[in-house]
């Protein structure tokens, strides 16, 4: 089974977020990874467009009860009708999580992925989380500085898996 | 976006159910439909194998918290960690639902699909539902007698959709 | 912890269903059981009213994203925003399930409860489920003929539990 | 219907978090509010014990498939079998959210509550969230400095509601 990478990010995002998401989508598709995203607008639409441009497979996991508002670049649509609880599904379906840009929904996906615990979480231009005293958390997310670095960090999971099976 | 058809059925099924599911999978793949299934064993594995044989796209929606026990013939795996509540997702993601064989899980998918209401539900060798007086329900499922008929009834949704957009 | 009994049933139901649900609610409250229901109209509202009349505790598990449309007789409201996937929660929260009246949503709750397997399912005027050959299922639901009998069958779980702890 | 307040916090927490949660539980119970919590150990158990001491109603929303590991101080248990997706239910069931202490699960509840948007989110000794440039977010959570202040901020929702109905 190919690697599955979740790419999370806001509906309302910056132009930088969009171009980052598009590039992440192309790179993941070229690496043969399947992309799981929220299937909406903003970062979600940009990563779907990137995956399509890279001839990859991208699945959108929608919160509502219809596929009518899903990004047209998706390969398939999962209609959950679960509202924001669908964020947990995106996170649990992933071998690695990349969060691009900041929003409350995106933060919930980062937090759920860290709560799950056994999956790398990479951020690119996302929000910063500190402990109650304002100090960095000892085991937090990995901050990437470029789409290429974010994708490389996500794909590094493969190496870990390969070693586990030897 | 291609048509998405859910194919539901038991883990523990008859040999007839398995061969029906396999044939339904091939026929849906050949028709260009995406198949959504539970991603496990029995009918779920057989339809996935059929879709793969037909070079189609099949997505498994798993109830547990890992893809480790998913059918190897799936194109992608959605790991919901929602238990049997995942049955609602399979049903909501579909333009048509085909149920092959009988089990309580399968019956819950039939019932959820009828509850949703705007999607055809076709059964092939599944359980029979009667009203409290033992009479047939006025608006119940459509009973198919062969994989080909089940697929044709599911694909008929396309025609409906085409007419709606004219 | 007191026994928790789920009482399921349609929004649109008969007058008999309503009076049955009301009586079931009173009897469960008087027996000290907590009632879990869907929190809406029809059977759901009638059982909530019965529990309130019996000075019991009744929790409504709503499918939408607001408590605004919940029955006024509920002790507390769980707002799931999960759509019909909330039916699984009602079923998993129960030590016994009583289904009054017939509908696709109610059938999904019966099926999910039987799929779970370790909980008695009692029906009162609900739909009838047969295998693919039209024969009764070997291990199906227990059909009650009165509210009193339905409640007695549900409360019998206590005896089982008591024996398990000896 | 009484006000429903969610109290969120980690399984593994500080002694301060526990005593804060216990006091918040007592105060909410004395004010007549229903408390919704995760129903487990740590902050969840402490708030449940506080509500019980204050003769209030507290409902635990569990992630697993059994009530066996639920806090004994709960008035009722909702068994979701949804894993961490249950965090969304806690948040959607609340008129106000109080987060005590810091963890990834708690952060997911804060984020989901802010994503919902129409509910006040109050933190007491929880994690700090900054935007991508390290600046405070313009519309973030309200930081309380004591259990009493946290409860007063949560109960202030009543005033808003009262004004809305005039």
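Think of it as A, B, C and D in the order they're written, each chain with its own count starting at 1.
Keep this in mind: contacts are C-beta pairs under 8 Å (C-beta built on N, C-alpha and C of every residue); 3 or more make two chains touch, one makes a residue touch a chain.
The chain list, named the UniProt way, goes like this: A, B, C, D = TIGR00725 family protein.
Just so you know, these numbers come straight off a predicted model, no measurement behind them.
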Checklist outcome for this item: Mapping chain A onto chain B via their CA atoms needs a rotation, nearest 5 degrees, of 180
Next on the checklist: If I rank B-D and B-C by number of C-beta contact pairs, which comes first?
Outcome noted: B-C
Checklist entry - How would you label the chain C and chain D contact, same or different, if same means the shared numbers make up over half of all numbers there? => result same
Checklist outcome for this item: Whole-angstrom distance, CA centroid of chain B to CA centroid of chain C, is 28
Item to check | Inter-centroid spacing, chain D versus chain B (mean Cα positions, whole Å) | outcome: 39
Checklist outcome for this item: By the touch definition above, chain B meets two or more other chains at residues 65, 81-85, 88-89, 92
Item to check | Contact footprint of chain D on chain A as seen in their complex | outcome: 82-85, 87-89, 92, 101-105, 107-108, 111-112, 114-117, 125-132, 134, 137
Checklist outcome for this item: Residue set of chain D touching chain B in the complex reads 65, 81-85
Item to check | Residues of chain B that touch chain A when the two form their complex | outcome: 1, 4, 34, 36, 57, 59, 61, 65, 67, 70, 72, 74-82, 88-89, 92-93
